[in-house]
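In what follows, structures are represented as structure tokens.
Paired with chain B in one complex and with chain C in the other, chain A is shared by the two complexes that follow.
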Partner chain A sequence: MMNARNTYTVSGLIITAVLLFGFTRPNGNESKEEKKSESMPLYGNWKTYGKKDGLPSDKIYAVRADGDRLWVGTNQGLALLEDGVWTVYTEEDGLAHRGVLAIDVSPVTGDVWIATMSGLNRFSGGKFETFTQFNSGLANDVIYSVICDGKDVWVATGGGAGVLDTYTGKWGIYTEQNAPMHEPWTYSICAGGNKIFIAAWGGGVIEWNKETQRFRDYTDPDGEMEIDLFPDDGVVHDITTAVSYSNDMLWVATYFGMSTYDGTHWKGYFDHDSGLASNFINFIRAKDGIAFMCTDNGLSSFNGETWVTYKGGKVIIDGNSAGERSLDATSSISHDFTIGVDLTENEIWVATSKGLCRGEVIGSTETKTSKL
Partner chain B sequence: MRKNRLYILVIIAFVIGVGYSAFHKWSVDHVLYITGGVDHPIGCVSCHVYPERDGLLANMLNEDYLSPLNAAVSEDGSRLYVIAQDADLLIEVDLNSREVLSNTKVGRRPHSAILTRDQKTAVVTNQWANNIYFIDLKTKEITDSVPVGGGPAGMDLSVDGNLLYVANTYTNNISVVDLRTKQEIRRLHGGNYPTSVAASPNDDFVFVASQRTVPIEFRTEPMTEVTILNASSQRVSERKYFNSAHIMENVTVSPSGDMAVATMVRPKNNVPSAQIERGWMINHGIGVILKDGRTAQLLLDEPNAFYPDPYDIVIHPDGKRAYVSHSGVDMVSVVNLDRIRSLLADASEEELKLYANHLGMSGEFVVDRIKTGSNPKGLAMSADGKFVYVVERMEDRVSVIDTDVSEIVNTIDLGGPSRISYTRRGGQLFSNAGHTFHNQYSCYTCHPDGHEDGLTYDLTGSGRNLANVQTLRDLYGTAPFKWIGTNQSVYKQCGMRFSRFVTRTESFSPEDLDAVVAYIMRELTHPPNIHRLPNGALTEAQQRGKAIYERTVTNDGREIPEKDRCTTCHNGPNYSNFQMADVGTNKENEDESLFDSPNLNNIYESAPYLHDGSAATLEEIWTKFNDHDTHGYANDMTKDQLNDLVEYLKSLSAERYYKKDLNYKINKGQL
Partner chain C sequence: MKRLIPFLIILIFSVDTYAQYKEKNYGNTPNEIVPYANFQNAYKKHFLEPWPFRGSGREKAEPAGLETVRIGLLAPLENSKDVPKGMQMKQGAMLALEQANAKGGYKGIPFELMPHNDVGLWGAAANEVVTMDDEGVWAILGSLNDIVTHVAIRVALKCEISVVNMADPDPTLTETNIPWVIRVISDDRQSSYALANRIYKVDNHQRVSLLRANNRYGRVGTGEFKDASRRMGHPVAVEVRFEDGHTDFTDQLNTIKKNNSDAVVLWGDAKEMGLIINQMREMGMNHPVYACDRAVTGEFLEVAGKNADGVTTTCQYNPKLPNPKYDQFVTKYKERFNTDPDVFAVHSYDAMNITIEAIRRAGLNRTKIRDLLTDMETFQNYKGASGEIVFDATWNDVGQIYMVDIKGNDFHYKPFEAEYQAYTGSVK
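What follows is the complex of A and B.
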């Protein structure tokens, strides 16, 4: 005997089949306002920094460029590269915890905000100030992400998203109690388009509109299925791990693929149908219309048209028009498990589980190069 | 008939006699109770008239004083612009005729004034209005108002005159204002209660001094920050901590830029107060930041004579002499900076530590002491270095020091009342150290601006019981006093107790005690609560916090016992029932005690918390010191509920502050 639930399941499968075979899946060029760079930069001349060079550990969690300075978060402390010299900070210096998960720098004040596994630090004028869930309004001491947005500092924590108004010292906490979250565990935060986007574990993407002061959520229309049943119908999975915003485009990372959202259309990308190195994405950073995805199987970059992936000692270029081609490189990132990335004008820094990698721009997908 | 009349008269006389006798006995007992059992010729008016803030008698007895605080002198030396803090005025003085030319009404509780480089505009910080005014000096009109952080105080211009740096005392930050656009372009995190700004003439750094220590570990020495900004990036480049120092009221930079110098106080708050006789309670001096980055602390005190409450410092254009006002002893010290340069040039770290505590060192570099009028505060140096103008707050006057002869050669009457009222006399006594051993400190020293200094002191001398200094603002109707509630009146607190534990000298005379108490009770008030919306309404978070504060059931619906509700102990207009309570905060090494339930108005500005200052923030009261719900039933709260409760607590303020906002006039008793 077929019950109601089974009836719905069968109906869903029929509709799925119709959709899969009856329609042509739109390619990336048809997405309404997707911004593209003319070409993709190629990075080479990789060099790896680790404990031997003065970093406190080879296990790198986060990297943030700050003008001529570079901040690096590891599992054994915070490191600063300035004028070619590494300086290491630990709990003895005032760091809240040696596990540094994220870093951001306020473009207005120059203060460095450090998310650790046991509290939030403000590093300003050479001194650390610590905010914890015990001495302040911080939601939870395990902080996965921190960003500066004007006078506000947003954090994604194990106990909800939080915001500190640095002018008044007032904290706000957003959890499943007052925001459309599935649970309070949040992984990542970014700002853009007068909005704040929160990657909420099991809750997709939570959007905070600064103008209307209201939340809305973007969840996977396929529910908890681990495949993307209906392509491009929304974020590819509710377990979101990172968000980033650039050139009017929201980039969303999950452990099951990547999504983009231009304000109207969603589009999904997977390792089996695109140049994405792996569906298991730890971190994403978009800048000037190019997104860099840190996965468990290499680093991918994408401008909406062309993929460039660095893994296994190779550089793989996968463009819609050019087709896939692989270039052997004389140097490469030190490990394919990547978890953080940041860029300056001519270089890229990648946090891996076996060192911090620095690559230089040595050409582009159009000009190519022989130096790889 | 005549006999009956006689009986009636006798009965009336008897009733009057018995009644008077009973009243006299009651009044004597009442006075003894109020004064703590000390023989004291106190009258009814001492408590029931002098401290009153409003009413016919109060208005007749009191005056509207100017209480000038700071001043700025024009580049050509012809004008002095004086901030009259209690009168909300900018006073223009002709320095040739020494006449007041104009009074311009500015914002609430102005703090400082500075002239723009073209000398056409005065900028005034309005500390209780959280903004700065631009005043056209020709028309005396307010041309612009720019909102900044909370409690703007000291300020300085960039070398090119395009930027203004403002220290926001109540919100612990520094505003950078672009004077070309009249816009605040950034707000930087400062120290704790930043109050003064000085830009280096070399256009490299800007120094911001703070009043209070940064948050410190329990029972450790205070550390007060001088924040150093990079002048080109307008970002914080360094934070210099002055150990065992605080109340760095003003800072300046030498003309060559080779040193920044700030006034400071060095409290020995962790040392039992029994050490007062050894000069080990509180010292006073200057903190120095040298070009090479080293810091030094030098005392301006002498072994048997102290020079408390150094407030302002100015440096002569030749860079050789500095002038420091000591508001607690009515004196200006003249300091030989060249001698300090040579002392510090080759000093080792050990020698610098020695200098910081050496009472004999001042003889090396203090070259003169100049007696002033009551409560000298702000100093202004003429551009040619010939004169130093000394703002005498409790005299409504400016004295003029001729720097060639180091003498006061003139005084300028700012036009305040000529009569010295009881409360004014009290204000003079409050700010003067004359009643302490060797003039070591004044009431103001631990209660700057009538508030508290954020430290805990060992006043009993036992080494066990630390006391977190409490504010003196809005004390009226909040008895008993002292954390253990043993002082039923301010009379007792400031009478025998004062001399026995705090000053180690004879008590105030009865008249002086009346005056001091009247000043404390009548004049010291909280600033407007910066966490409250201007119309007095509560934000959404504060409303949620209010519901938690007033709740009677737990999150899971169980009734909270009455003794464990916030409102049981913290109720009424002052949010206190003024009863003693055990909230589980007595430490193992302390004498067992109940504690007075503190009133909570403007509690946000009184960190650290609890009787011994062991809770660094309001959150810590419940996250660290309430394991067993002895300080209110709280452990069922979620973190966001605690945040809401804290937001509500920060908003607590007496209704009079925002309900009569538009009619507010200080000294008019409307508070």
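What follows is the complex of A and C.
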């Protein structure tokens, strides 16, 4: 039986080990060690859709799967793919603005919520309803992100975050006046773990705890824009661009790398020390424990163990590691500048700077092949 | 060998300034104040190379049938205390645009300025940039206020329109990695380093108090100064704030007085800083005063009167240097607008000239215009009316900044670089 002194000694050793492993990190070269690989789906048989197919533009900002339907936001309007037919909605149909930046579907009502560059739309019963600064509690008309969380609809706007209780019609606005953000610049929003997470441009991540009704913020601990002092000490940069939550893990995208947060520990990932395609991440969506990062140089996916990146006509598995594999692909995403992504059971939809791409699961990272 | 000497001399002088800049720390930060440098090398350093724009757009054909080539302007033009500055921004841009039109515009099509007020409802700038996108502008100039400009550049990124900033000194503006933003005026990081060097190295002060505007300009502007002070071994002793428009600063000055400071730094607008220095002297506070660059105005001299004497500040350009471009600009500006240009007018004039030149060379394609503005060649070392513009990897102007000493109701300029070398014996 250990006495109290020995207990303290063992505890001290454990704490020291945790601190050492928690706060030290190899540099980029040292990280090139053989990693234990966990199977990840591989997507292929890519097909591209654009103006020639009936979309209003080739520049795709957002994509959202809704059962058998697919909603697509472009810089020239909203498109719906249903039963193989594209239907386009523009300002003439009631769309608040041609620039559609984000889309979500209410699990409660089936209403489609559309974030545009000049107002928020609810598409319900075939009709558009428009919310703006002038007729609602919206903080700003440029809506970067919208999510449905039960009866609540949350938005991230150029003038703060907002929430609409669709039962009461009441709005809440969160800015630097009542939330821990220096400025009311919000860029992305997600829900998970009974919390709402907001990517606040220049302010890191703001967390709203639905149970305690309180905010807290997560910022880069070094407080400097030009460096990341330690990658695993917090969010890698305060210029956050997207957040997503899945399997008790928060995924945070920035223009300087990516972070994950499991509620206790942060981890940072960069394009020089991981399989991340680029540090410039436009969007992130995590589902069933796998996150998809839309970067300016390809689409990356990661499950915490294995990386898969689609870029330049290749599929790269565990890039920047000793176990890196590069597969030649017979088809690929149409452009490496990726902006949005969504998934169904067996397919993936990717919004790019030049076309909307659909891929399907054709194997896994365990597949022994050099070609897809 | 002798025949090679002229060639070698040419080679030495043709080494571009960006290459020289790359040898320095980010933001021209002196070694002793590089963040955390004394105990830890950063795991990841950003802004070492310009970030590319990898999206599509270059393939788009030039539109036909345009009646004008539109360039947006975002500035405080109505309902703001900053309207006088906004008007200087607008007039500087207008002058350059009118001169370009007199020379044939763009292939015979006149340029058209699309001015937008950035003051209004929350996030007004975001809505205005969307409107400018709808208007079909090819690039945007602006704005002054950092909260406005940050909002604007995020929307500009989505719309893929270049923003040429000529008035916002917020260091973080170009630290966002958005490859659609350039700035042609030095920022508060450069001003802060210059002031800190003068205060602690040249004038040997030890204990400094800071009195700043209680807004983002005051908070972010002084951020680099406070960091530099701390890293130089002189953390700011006390920081107090004042509200825009206030005229009585007794409480704040009493706090400073009690704190036994040996110098005071002011950061705010010219009028408030003038009133503060008057009240300091009335209260018997004879501290040396250092101020942000907004003191380099006629308004500050007018408000502070004889109390302005002895104040040290900085400026992003030196209007007293021999520069025919500046002299011509001033003459034409006075003729056109019947008033003297200020720092915002001259930088706005340069910003518009750069933008017009980029459009003329790249053609009517937003992505190609961006490519030209950010290629680190075409406009690197651009010699405008405000002087030479030197871009760092974030497309921020890190060219020369000037120390300004106020004596005899006049501004006396001196390059910071010369002062830095004289007292430290090294180059930044």
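The criterion applied here is as follows: the second predicted complex is superposed on the first by the 325 of 372 C-alpha atoms of A that agree within 3 Å, B and C clash if a C-alpha of one lies under 4 Å from a C-alpha of the other, contacts with A are read in each partner's own complex, and residues count from 1 in each chain.
Note that in this section contacts are C-beta pairs under 8 Å (C-beta built on N, C-alpha and C of every residue); 3 or more make two chains touch, one makes a residue touch a chain.
A quick note: this is a predicted structure, and the numbers were derived from the prediction, not measured.
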Task = State whether chain B and chain C clash or fit side by side on chain A once the two structures are superposed.
result = fit
Query = Should A:D111 be classified as contacting the first partner (chain B), the second (chain C), both, or neither?
reply = first
Inquiry  = According to the stated criteria, A:T168 is in contact with first (chain B), second (chain C), both, or neither; which is it?
reply    = first
Task = Would you sort A:F230 into first (chain B), second (chain C), both or neither based on which partner it touches?
result = second
Ask   = If you stack the two complexes on chain A, which partner ends up touching A:G193: first (chain B), second (chain C), both, or neither?
value = neither
Task = Decide which partner touches more residues of chain A, taking chain B and chain C as the two options.
result = C
Query = Of the partners chain B and chain C, which touch A:N135 in the superposed model: first, second, both, neither?
reply = first
Task = With the two complexes superposed on chain A, say which partner A:G312 touches: chain B (first), chain C (second), both, or neither.
result = neither
Request  = Determine, under the contact definition given at the top, whether A:D296 touches first (chain B), second (chain C), both, or neither.
outcome  = second
Inquiry  = After the superposition on A, what does A:G159 contact: first (chain B), second (chain C), both or neither?
reply    = both
Message = Taking the superposition on A as described, I'd like to know which of chain B and chain C A:F270 touches: first, second, both or neither.
response = second
Query = Quick one: smallest Cα-Cα gap between chain B and chain C in the superposed arrangement, Å?
reply = 6
Remark   = Contacts of chain A common to chain B and chain C in the A-superposed view 133, 139-140, 159-160, 175
Ask   = Inside the complex, what are the residues of chain C that reach chain A?
value = 26-27, 35-36, 40, 42-47, 51-57, 121-123, 125-127, 130, 133, 147, 150-151, 154-155, 158-159, 171-172, 175-178, 216, 219
Ask   = For chain A, which residues count as touching chain B in their complex?
value = 108-111, 122, 124-127, 129, 133-137, 139-140, 151, 159-160, 166-173, 175, 177-178
Note = Seen from chain A, its contact residues with chain C in the complex are 25, 27, 58-59, 61, 75, 97, 99, 101, 117-118, 133, 139-142, 144, 157-160, 175, 182-185, 187, 201-202, 222, 224-231, 236-237, 239, 255-257, 270, 272, 280, 296-297, 335-337, 353-354
Ask   = Any idea which chain B residues touch chain A in the complex?
value = 149, 171-173, 186-189, 227-228, 233, 235-239, 241, 530-531, 541, 616-617, 619-620, 623-624, 638-640, 642-643, 646-647
